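Down below is the structure, laid out as structure tokens.
Chain naming follows the written order as A, B and C, and within any one chain the residues start at number 1.
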């Protein structure tokens, strides 16, 4: 840890070596997944063996299984993540400003939501979504992910907004900028790296959601990748080759999302919080 | 940033428009739900669905995969039944699973279909008993998996000059010889099922088939000397020969051990045969099976059945198809299991399947084709028994045995009090 | 530090805040309160989840639970997870974030690598780690053997005394990416002048980290620790997918027990009682902690 604050020239090689070593540990399980995805069933019994001849058949099976749902997942995740971050920001802003009891109570109340085990909300939720006519629709999934994202997004951004110095707010007020103006013109741009981090976290959690998708979608019209991916492990035998192949395919969009939002991190820093 | 917010606002507006347009589309659900989600199992059920759609084009059904297992299926059914959108038919377990849904007034009796397909003639009698509740049938059995056979490496046995054992003493001797040759005698795997399936042979050798059903009906105390004897016999025939670390493996990893000759024998449902074949082994040459020692003439089966919720309308046609030898042949050929309809042409089976069919016929002649106890006991007791047996198998001490038996007996008494047992 | 209520702008500000809060609070009320109320009701009933028939049993579901060995064991496992989640993934995530916070060759590649596991769905994580932990031929055992540590290799997922810690190993790999992302974002937002100033004052790296960087990172730390605590109480996916809570309940946590009781044994009343207990416990122990930490920020700010 201390290494990061030493002058770069002296410890750069040490940090680089540490990063390489850690990367190897982080990659080992994935490397095994990659190997497995290239093996025929007969070869999988030898856990650590190299595939005799790369068997791309697993990728064909995988794509066949998840291809259609891939598009659904993208259509659910992108708007879902953006909407939930937006709603979270809207909720977090007043909570980061209100310092009285009211603010604290509302905040506490929203936080309890984070502790509700999602398994228990499924039946009432199913009824609700059917009554709204949103069962098995992609917009329905946006709504659900936005709603269930409220506690975590509010919590996340409230704390992030708290790291923006108070003096900026006061200066803005003196400049005659209302709270809404401050929120849109100053606070949001100043919190870009936080918003981007949250967007990554939300994208990943929406992309990986299985429970809500199982309850609220039934056909190819709205079924996401996770449902199809899990089908590979249901029944008696787990289809390891196709499972690993589809896993590797399915994490690509999340990594892309990470890289895209990651850019916003950097821009957030360069743009700075100056008005 | 303001621009981005505007864009988001646009997106929000767009979503509301899509929302309202989507709202009009409602689902019509003529679906068959199973958790056969991939590979041969999926092909198997989809061949039945295709056959049905060909036979009954007016009542078309589609297959929907419920990824997961029985638990997830129950969760989905709960949601759908309470929400009033039941599937046409669904994959269920036999026995107590059906009883629960019947008690909840969610299942329709399939009396007319049963008569039409002559259910009382085509399915094994032991199996008929457990798809009927109070004498009325509620489901069509689709396939059977035999769970009372021990698979062994024939090549290894040949090399060591070993014969498939017939008695408990012979089994013990074979185990010792395998161990002496440096091969762990017997594989097993973690989870509440496998140890319990292994336990059935000792149980049957003590209780006999009648006692087995008595136990399913809650009439045998877990603290009785017989049950203790069965547990001890299980320990002395099976547990002591289990390979090291078995409890850290899935059933498929246990299968890998047999493929890799790390173990000589593995008592597992017959699906392990399909697993080994897929890995390039030849049945009858590389591996074979024998009935678990002590089991007598009985053959134990694990069964998948198709049940129909009360509210569904098109179900009769699908059930008729599912019971037909044509569908059963197609399904079981893909899945590598045995058709529940005994009239099905045996030529669809491979070496293992044909041998099992003969075994089942011999058992059927004595009326000792026995359904898996796990699904005959009240659900909470079956699950608990599986867990307690796994616990006992990993720690077979007398102290553990006392706790295990006490726990199970307490639960049995509670279920007795709740009047939960069924007289199959 | 509160908004001075004397200014005429204050009431307008309050109105704006109320408007801002309306949508989140509405969503929350509809999607959380209703199901929770329903669950609380069910926790006083005997119900198998399928039948129209429910019986009122008062506190029986709760009293049965508190005397149950399995329940207490699950609870203890949740506490173990809590301690683990508060310590391990945040420390590793912070270390990784600090490691990459300054110029380093291949920064983007390293970032992706540290992030990757976090992107993997739990069922796949579980499948991978079931192989890694295969007791005879799995990667971990084999690597240990080749390092001459074979004697220390364990029956990772089969030994009741070890299984929970083994799953934690997988969880560390899987979730460190979360803390890594949040701390990276937090570090990006730090005013670099403060650290520069401290360095000019002659502080060494260790001192600068603990006296300047870490306190400034406090809002990120709250996010990480708060969400980790919540995740620990609610943990389900990875345990269920890896062991179903087994062998023989050894790795059970409250959420897996709840799922098993609800759908494995069709006892919705008792499952609801577990859910309510979880909620109450978390509300009593975790939330005050989170709010305390949040207040702490405000104090340090003021």
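Keep in mind that, in the parts below, contacts are C-beta pairs under 8 Å (C-beta built on N, C-alpha and C of every residue); 3 or more make two chains touch, one makes a residue touch a chain.
Keep in mind that this is a model prediction, so the values were computed, not measured.
Q: If each chain is a dot and touching chains are joined, what shape do you get: line, ring, star, complete or other?
A: complete
Q: Comparing the two chain pairs, does A-C have more C-beta contacts than A-B, or is it the other way round?
A: Counting C-beta pairs in contact, A-C comes out ahead.
Q: Taking the mean of the CA coordinates per chain, how far is subunit A from subunit B in Å?
A: 37
Q: Please work out the Cα centroid separation of subunit A and subunit C, and write it as a whole number of Å.
A: Result: the chain centres lie 15 Å from each other.
Q: Mind pulling the subunit C residues that touch 2 or more other chains?
A: Subunit C, residues with two or more chain partners: 134, 137, 259, 262.
Q: Which parts of subunit A, given as residue numbers and ranges, touch two or more other chains?
A: 46-47, 123, 210, 230, 233, 238
Q: Please output the residue numbers of subunit B that touch at least 2 other chains, ranges allowed.
A: Expected reply: 72, 75, 78, 250, 260.
Q: Inside the complex, what are the residues of subunit A that reach subunit C?
A: Counting only subunit A, the residues touching subunit C are 1-6, 8, 12, 15-16, 18-19, 22-23, 26-30, 32-33, 36, 46-48, 87-88, 90-91, 93-95, 97-100, 104, 106-117, 119-121, 123-125, 128, 144, 146-148, 150-152, 154-156, 158-160, 162-163, 166, 173, 178-180, 183, 191, 193-194, 196-197, 200-201, 204, 207-208, 210, 226, 229-230, 233, 238, 240, 243-244, 247, 250-251, 254-255, 258-259, 262, 265-266, 268-269.
Q: Can you tell me which positions in subunit B touch subunit C when the two form their complex?
A: 71-72, 74-75, 77-78, 81, 100-101, 103-106, 190-192, 244-250, 253, 257, 260, 262, 379-380, 383, 387-388, 390-391, 394
Q: Please output the residues of subunit B touching subunit A within their complex, sorted ascending.
A: Interface residues on subunit B, with respect to subunit A: 1-2, 5, 8, 11-12, 15, 18-19, 22-27, 29, 31, 35-39, 41-42, 64-69, 72, 75-76, 78-79, 82-83, 85, 250, 252, 255-256, 259-260, 269, 271, 274-275, 278-280.
Q: Given the complex with subunit A, which residues does subunit C contribute to the contact?
A: Against subunit A, subunit C makes touches at 1-3, 9, 12-13, 16-18, 20-21, 23-25, 27-28, 30-32, 34-36, 38-39, 94-96, 98-106, 108-124, 127-129, 131-132, 134, 137-139, 142, 173, 178, 181-182, 184-186, 188-189, 195, 199, 204-206, 208-209, 213, 219-220, 222-223, 226-227, 230, 233-234, 236-237, 255, 258-259, 262, 271-272, 275, 278-279, 282-283, 286-287, 290-291, 294, 297-298, 301.
Q: With touch defined as at the start, can you tell me which subunit C residues reach subunit B in the complex?
A: So the residues of subunit C in touch with subunit B come to 48-53, 130, 133-137, 155-160, 243-244, 246-249, 259-260, 262-267.
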